[in-house]
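Naming follows writing order (A, B, C, D, E and F), and every chain is counted from residue 1.
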Amino acid sequence: MSERVKRFTEERERLNEIVLSRDNINLKRFFALDTAVYRDGALDAKTKELLGLVASLVLRCDDCITYHAVRVKEFNITDEEFDEAISIGLMVGGSITIPHIRRVNQVWQEMKKS
Amino acid sequence: MSERVKRFTEERERLNEIVLSRDNINLKRFFALDTAVYRDGALDAKTKELLGLVASLVLRCDDCITYHAVRVKEFNITDEEFDEAISIGLMVGGSITIPHIRRVNQVWQEMKKS
Amino acid sequence: MSERVKRFTEERERLNEIVLSRDNINLKRFFALDTAVYRDGALDAKTKELLGLVASLVLRCDDCITYHAVRVKEFNITDEEFDEAISIGLMVGGSITIPHIRRVNQVWQEMKKS
Amino acid sequence: MSERVKRFTEERERLNEIVLSRDNINLKRFFALDTAVYRDGALDAKTKELLGLVASLVLRCDDCITYHAVRVKEFNITDEEFDEAISIGLMVGGSITIPHIRRVNQVWQEMKKS
Amino acid sequence: MSERVKRFTEERERLNEIVLSRDNINLKRFFALDTAVYRDGALDAKTKELLGLVASLVLRCDDCITYHAVRVKEFNITDEEFDEAISIGLMVGGSITIPHIRRVNQVWQEMKKS
Amino acid sequence: MSERVKRFTEERERLNEIVLSRDNINLKRFFALDTAVYRDGALDAKTKELLGLVASLVLRCDDCITYHAVRVKEFNITDEEFDEAISIGLMVGGSITIPHIRRVNQVWQEMKKS
């Protein structure tokens, strides 16, 4: 795992623990549901992670983009598949998504090297 | 084709003609590129239309959602696949997407009947 | 109930039935959770509906705004309270929210008359 | 004036009167400020209306887009200037803005004919 | 005050001074109006800050979320009230708000400790 | 050039190289089109950069705002023109844009000093 992804994942888990330690059942239910929708089903998990990636890109959330980029890498998405998914996010969401595309490409490059 | 989808498609084409009759090369190039990114490639066109559908849902654009719903129907997406893609858009984008989910489900139901 | 609100509510319920008739457990869970978070708790239901109203206004979703406006009216929110909540949405969300403020004020006026 | 623009302007004024009849000083101040920022200054009013048009386009608000399109037409913006401003909104905001570009081009065409 | 909140507040004030030193009356009026809408009125200031918090969360602005979290803490909002307000933002705005919820919970935890 | 702008520009170019080294023709075409729409035409390049600046502000993208602020500075935009453009973004986009206005004013001040 790249250093950047390692730090991101650890920080994400540390903060998730804080949120999930809260005494609020609805927050916990939302998080459980958020895991459930990405599970293998009629659509496979790889396709679902791609959907999450492009949704995160057009809504321009770096943490969400990084998370789904790591996930699709685990499903062995190729460079060509990754670029084509990103291109759709770029077309739909416009040039305002470009700074996020720059950053996720850096993450992608680092994940390939490590 | 359902009556609603027929009217939507005709109106969309009528207005597209107005836009594309403008004497502006960059507008035309953008439209051409917008067609290009959805073509079969490393990812197949069906997956790409699903990406367009979910991106449109989280950005809450009814016309865009309807368009991609019609397209994925042409690729014979099943009800289960459709629902799972919509569920991801709903989770990522939140309850603010529900009015759009109501309307696209109506379109989907009408397309199945006709 | 005003005619506009009556039509809105009936259409909303008709389309909700279509969505909830889908065979997808995650959609149903999301809808259940969406009801749960607005129930009386540490914050009372009236305050929660105001939170839903302002969140809907800054995200600019007419259906969501109308729904929460009907709900806060049921909790006997006064004109002054309504205007102050709307003003916060207007400040946070900017002039782009004004068309929605125009429309919800029309709904509000009609609800008061009927 | 085109029929569509005439109806839009009358409806807008009718609803503005409802909003401004509310007994809330902050709403009135916001509306006054919203007029003030578009007045001739270091930047001329025509440029400012173009800024309002493109901001409205990337935020995808049809009423706001129509309003500013009517205003820039009053400043005798040419077709070429209009198209170039729209192209920037399209690039920044992406294909999700296209349905709004379709509709404002229809308004623009109708304003030219009438 | 937690170290993070202290740094945030000082940086915010330093930059606000730069903005308010600009020779532009409309900027100053906007800032004055932005203070006015949160004052005690028909709705109390605590409720208004909660409205600001949830509006900031669904629009996903960390600085705005932190600011309103500090403010509601000053009004002695309890953990339960905070969680319920956050849950509404999460439902309305979707999982895309989760990274912001992680960060504001860290701020909240630090404010409680200090 | 200010130190902050220098670092921003170098990082932006470094990451752009990563993106443009990808083997995807549509990404490259989008980037080329993104350059094309800001060129002198019926509207001059200075006005177009102002349109890009305000569009970036209401969509709240710091990197995009910084980039266009640097560009309009190169076109010798005055303080008064800059403030008036920013004021329109603030009115349209609301107080949620203020953190970005704080940061771009810091950049602007630094560019003037260096």
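Everything below uses one rule, namely that a residue touches a chain if its C-beta (ideal position, glycine included) is under 8 Å from a C-beta of that chain, and two chains touch if they have at least 3 such contacts.
Every value quoted in this text rests on a predicted model; they were computed, and no experiment measured them.
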{"item": "Interface residue overlap between copies chain E and chain F, same or different (over half shared)", "value": "different"}
{"item": "Recurring contact interface, reference B-D, options A-C, E-F or B-F [over half identical by residue number]", "value": "E-F"}
{"item": "Length of the line joining the C-alpha centres of chain B and chain E, rounded to whole Å", "value": "36"}
{"item": "Distance between the centres, which are taken as Cα means, of chain E and chain A, whole angstrom", "value": "27"}
{"item": "Overlap residues in chain F, where contacts from two or more other chains coincide", "value": "26, 30, 33-34, 37, 55-56, 58-59, 64, 80, 83-84, 87, 90-93, 95-96"}
{"item": "Sites on chain E touched by chain C in the complex", "value": "33-34, 37-38, 41-43, 47-48, 50-52, 54-59, 64, 78, 80-81, 83-85, 87-89, 91-93"}
{"item": "Complex contact set, residues of chain D against chain C", "value": "12, 15-16, 18-19, 22-24, 26-27, 30, 34, 55-56, 59, 61-64"}
{"item": "Chain B - residues contacting chain C, complex", "value": "60, 79-80, 83-84, 86-87, 90-91, 95-96, 98-99, 101-103, 105-106, 109"}
{"item": "Chain C-touching residues of chain F, taken from the complex the two chains share", "value": "58, 90-97"}
{"item": "Sites on chain A touched by chain C in the complex", "value": "26, 29-30, 33, 36-37"}
